[in-house]
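Below you'll find a set of structures to go through.
You will see chain A twice below: alongside chain B first, and alongside chain C after that.
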Partner chain A sequence: MLLEVTELTKRFGGLIAVNAVSFAVAEREVVSIVGPNGAGKTTLFNVITGLLRPEAGDVRFDGRSTLGVAPHRLATMGMGRTFQNIRLFAHLNALENVMIARTARTRAGVLDALLWRDRAERARTVEQAEALLDWVGVGANRFRMPSELPYGDQRRVEIARALALEPRLLILDEPTAGMVAREAHGVIDLIGRLRDGGMTLLLIEHNMNVVMAASDRIVVINFGERIAEGPPAEIRADPRVIEAYLGVEE
Partner chain B sequence: MTYAGLEPVLIFTLLNVVMVLGLYVTAMSGQLSMATAAIAGVGGYASAVLTVKFGWAFLPAILMASLLSALVGVALALVTLKMRDFILKLTTLAFGEALAVLAFNWDYIGGANSFTGIGLKTTIWTCVIATSVALYVAWRFDGSRLGFAARAVRDDPIAAGAMGVSIAEVRGITFAVGGAVVGMGGAVQGHYMLVISPHELGFFISLNFIIFLLFGGLQTLWGPLFGAILLTALPEMLRFTSEYRLILYGLIITLVVLLRPNGMLTRVPTGREWRLFGYVLTPARPIAPPSAGVKPLPVAATGRPVGQAAAQ
Partner chain C sequence: MDLFLQQVANGLVIGSTYAVVAIGFALAFTVLRVINFAHPDIFMVGMFTGLVAATQYPVVGVGLVMLAGMLGAGAVGFVLERTVIAPLRGRDVLMTLIGTLGVAIMLQNGMALIAGPDPVAFPSLLPRRSIDIGPVALTLRQIANFAICLLLLALVSFYVRGTSYGRATRAIAERPDVAAAFGVNVGRICQFTILLASLMAGAAAVSVGMLYGSASAFVGLLYGLKAFICMLVAGNRYFEGVMVVAIAIGIIEALVTGYLSSSLRDAVAFFVMIGVLYYRPNGLFGSYSS
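And now, the complex of A and B:
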C-alpha cells in the first residue's frame, strides 16, 4: 500500500473532526473521499499532508510514518497535492509556478548561480515545466500571471505544478470546486488522463459525477466517521450513503 | 554644482543602493528585516577592527566583514524562523537594537565614544565596484533556483512547503546572502566615514532602507535600485525649496504609497491593456483556450514513466 491511514483521530477541543478513520490507497489506484460539508474531509486531508497532527492513529506513506514529518519533506517523498482554494504563487507566472516544484529535485546553490554553473540545470527545469504545461493544456499561456488566467486554467497550472514534483501520490482537494460546468468538464477530463497515465490519485470531491466516473474505490465519511467504502456501483446503491450524502430524494 | 560637491552625494547614493539591494535579497523570502543598519554596522565594525587593530588589508577585511554579517544574518533568520508578520518585524527590530546596545557597551570597539581612527580607503571607485558586486549578486540570485523558491515562500509559505521547498533553508539563505551584501556596504561606508558610532546601528537608519525598498517596489530587482537612487537624490534635487524639502519628500512618499501600494516598479501581467487618456496603447492579448492535448504524461518531468512505479 502506498498510503495507509489507520484509526486516525483529530480533535479540535471538544469537536471530533475525524474519528478513527482507516483506509488505504494502493499504487495506481484512484481513491475518492466523499462526504457532506463539514464531514471532516479537509481535516483528514490536512492531517495526511502534514499540516495538522492527529491525536491518535497513524498515516504511513510508502511504509514510513508521516506523523511529525514536515510538509516539504512529505512533498519530497513524493506526495503532491493541489489546494481546494487554488494556491498559485501570485507574483510568479505560470511557468515559474511549475518550476518551483522542481526546487527539491534540483540542486544548484547560491555559488552555482554566481558562477553561472546552473545554466544546464535551469534549461532542463524550464523544458520540463513547459512540457507539463503543454500536457495540461495551458502551454500557450505559460508567461501569464495566475490572476490573468480563468479559474479552470489556474487549476490546470496547479496540477502541472504538483506533477513537476514527480509525485508517487497526487492528492487533489476538490479539484472542480467553484467551477462552471465547462471548466469542470475540462478538469474531469484531465483527471481521466492522469488516471490513464497510471498516476495514483487520492481525490477529495463534492461533485458525484467526478467521483463516480474516475474512482476505483470510494470512501464515504460523515460526522468524522467512515460510513462506507467500496467501488462506485456499490456506493451508489448503499442506503447509508444515500441517506447521509446523496439525500433522500434520490 | 561642481564634481567635488557632487561626489559625497554620489558615494552615499551608491552605498544606499548596496544596502537596499542587500535588504531586497533578505526580504525575498517574505521576512522584512528591520535590522539592516545593525547588520551593516557589524560589517563596519568588523572591517574597522580588522584593519586598525590587526593590520589587515582593505580587501580581505571587507570579505571577512561580509562573511561575519552573513553569519549574523543567519542567526537572525534562525531566531525568527517560526515567526510571522508583526512579531517577526518587532523581533528583527529588537535584534538590531540589541546589537546597538552591545556596541554602546563594548569598550574594545569604542563603546559610546564611537570607533575612530579608521583609515580612508573608500573612493568613488570603491563604491562603484561595491555597487556592481551587489547588483551582480542580487541579479544572479534573483533568477536562480533558490531566488524563485524564496519568492514562492514569500507569496505562500504553505503552498511552497507543499511543493517541497524548505522554508528554513530558503530563509537562512536569503538572510545570509542579503547579510553579506549589507555587511560589504557597511564596511565600505566605514572606510569613508572614518568613524562608526553605535547610533548608526539603530532602527531609524534601517527605516530609510525599508522606505527605499517599499517605495521602489520589492517584486523586482529594479524597484530597490530605483527607490534608493531617487530617494537619495530627491532631497538634493529639492534643495532649492530649503526648509520645505522634507515636507515635500514626505508628501511624495505618501502619494506613492497611496497611488502605488506595491511600489513604483512592479511585475505586471503580460497581456494587460495599456491606456493613456482613454486611448488604448496596446490592446489586451486574449488568453488562449486550453488545448486538449492527448500526449502521454511527460516522462522527463516525472523521472520515470508514470504508472510503472508499481513495478519497482
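And now, the complex of A and C:
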C-alpha cells in the first residue's frame, strides 16, 4: 500500500473532527474521499499532508510514518497536492509557479547559480515545467501571472505544479470547487488523463458526480467517521450513504 | 551647475551604501517577516573586523580586508539567525523585533567596551587620489565604494530574479507554508537570506570605513534608521524599488548639504518618509502583501 491511514483521530477541544478513520491507497489506484460539508474531509486531508498532528492513529506513506515529518520532506518523499482554494504564488508567473516544485531537485548550489555554471540544469528545469504546462493545457499562457488566468486554468497550473514534484501520490482537494460546469468538465477530463497515465490519486470531493466516473474506490465519511467504502456502483446503492449524503443533497 | 553635478555624484556614492544596508533589511522583512534591528550592527561588526584585518595585517590589501569584514558580519548574522531569529520566526513580529533589538544593543555596547565609545581611525588602504570626470571630482575611495555597492546590488537582484533559490525566496515571501508543501526547505532558505544580507553589509561596511576614514561602535544607528526609512518609502514589493529610493535619498541629502545646510542632512530622509507615506501608505512601489 502506498498510503495507509490507520485509526486516525483528530480532536479540536471537545469536537471529534476525525474519529478512528482507516483506509488505504494502493499504487496506481484512484481513491476518493467523499462526505457532506463538515464531515471532516478537510481535517483528514490536513492530517495526511502533515499540517495537523492527530491525537491517535498513524499515516504511513510508502511504509514510513509521516507524523512529525517536515512538510517539505513529505513533498520530496513524493506527496503532491492541490488546494481547495487555489494557492498559487501571486507574484510568480505560471511557469515560475511550476518551477518552484523543482527547487528541491536542483543540484547546483547558490555559487553555481550566481556564476551561471548551472545553465544546463536551468534549461532542463524550464523545459520540464513548460512540458507540464503544455500537458495541462496552459502552455500558451505560461508567462501570465495567476490572477490573469481564468479560474479553471489556475487549477491546471496548480496540478502542473504538483506534478513537477514527480509525486508518487497526487492528492486533489475538491479540484472542481467553485467552477462553472465547463471548467469542471475540463478538470475532470484532466483527472481521467492522470489516471490513464498511471498516477495514484487521492481525491477529496464534495460533489458525488465528480468521483463516480473517476474512482476505483470511494470512502464515505460523515461526522468524522467512515460510514462506507467500496467501488462506485456499490456506494451509489448503499442506503447509509444515500441517507447521510445523497438523500440530503437531492 | 558644477556644484549640482558634484553633489549628485556624492549622493550616488553614499546612496548606494544606504541601498546595500536597506536591501538587507528588506530581505529579512519581506522573506522572513522579521524586522532585523541587529542588521545595522552586523554592518558595524563587519567594519571592525575589517579594521582589525587592515591594522594588524596591513599588507593584506583591500580585497582581503573586505573579506574579513564579510566574514565578521556573516558570522554574527549566522549566529543571530540560529539563536534568535529561527526560534522566533513565524510568531508575532514583535518577538523578533525585540529579540534583534536586544542583540543590537549587545553588539553596540560590546564593541564600545572593546574599541571604546569614540570613533577610531580606519586606514584608507587605497591611494588618496581624486579623479576628474568632466566637472565632477571623485576620490578613488568614493568610486570604489560606488562600484562595490553597485556590484552587490546587482548580485542580489540577479540572485532573487534569476536563480532557483531566488525564486524559492520570492515564493516564501508570499506563502511559506505552500512553498514547503512543494519541497522548498523554508528554514534553509531563510537562514541563507540572513547570511546573504550580513555578508553584503560586511562588504559595504569596510567600503564605508575606508570612505570616511573612521569606524565607530555606534555607526549602525544612522545607517539602520536610513535603511528602515528607505524600505518604508519604497514599500517592499520590489527589492529594486528599495535600491532606487535609497540612492535617491542619498542624492537628496547631498543636495541639501550642498545648497542648504549639512545640519539639515539627516532630517531629509524623515521629511521624504512623511511626505511619501502621507500619499502612499504602502510605499511608492507598493508592499508585498497588498
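One rule holds in what follows: the second predicted complex is superposed on the first by the 247 of 250 C-alpha atoms of A that agree within 3 Å, B and C clash if a C-alpha of one lies under 4 Å from a C-alpha of the other, contacts with A are read in each partner's own complex, and residues count from 1 in each chain.
In this text, contacts are C-beta pairs under 8 Å (C-beta built on N, C-alpha and C of every residue); 3 or more make two chains touch, one makes a residue touch a chain.
For clarity, every value in this text was computed on a predicted model and none was experimentally measured.
In the three-chain model built by superposing on chain A, chain B clashes with chain C. Once chain A of one complex is fitted onto chain A of the other, the partner contacts of A:Phe61 are absent, as it touches neither chain B nor chain C. Here chain B and chain C are compared by how many residues of chain A each touches, and B touches more. With both structures placed on the common chain, the touch criterion links A:Thr103 to chain B and to chain C. In the superposition on chain A, A:Phe23 contacts neither chain B nor chain C. In the superposed model, A:Phe45 makes contact with neither chain B nor chain C. Overlap of the chain B and chain C interfaces on chain A: residues 49, 51, 70-72, 75-76, 81, 83, 87, 89-92, 96, 99-106, 108, 110, 113-114, 122, 125, 161-162, 164-165. Chain contact summary for the complex, chain A toward chain C: residues 49, 51, 70-72, 74-76, 80-81, 83, 87, 89-92, 96, 99-106, 108, 110, 113-114, 122, 125, 161-162, 164-165. Taken together, the chain A residues at the contact with chain B in this complex read 27-28, 49, 51, 70-72, 75-76, 81, 83, 87-93, 96, 99-106, 108-110, 112-114, 116, 118, 121-122, 125, 127-129, 131-132, 134-141, 143-145, 147-150, 152-153, 156, 161-168, 186, 189, 193-194, 197-200. Only residues 155, 158-159, 162-168, 170-171, 173-175, 177-186, 192, 288 of chain C touch chain A when the two sit together in their complex. Contacts from chain B toward chain A in the complex involve residues 136-137, 140-141, 143-149, 151-152, 154-156, 158-167, 173, 176-177, 219, 267, 269-272, 287-288, 290-298, 300-310.
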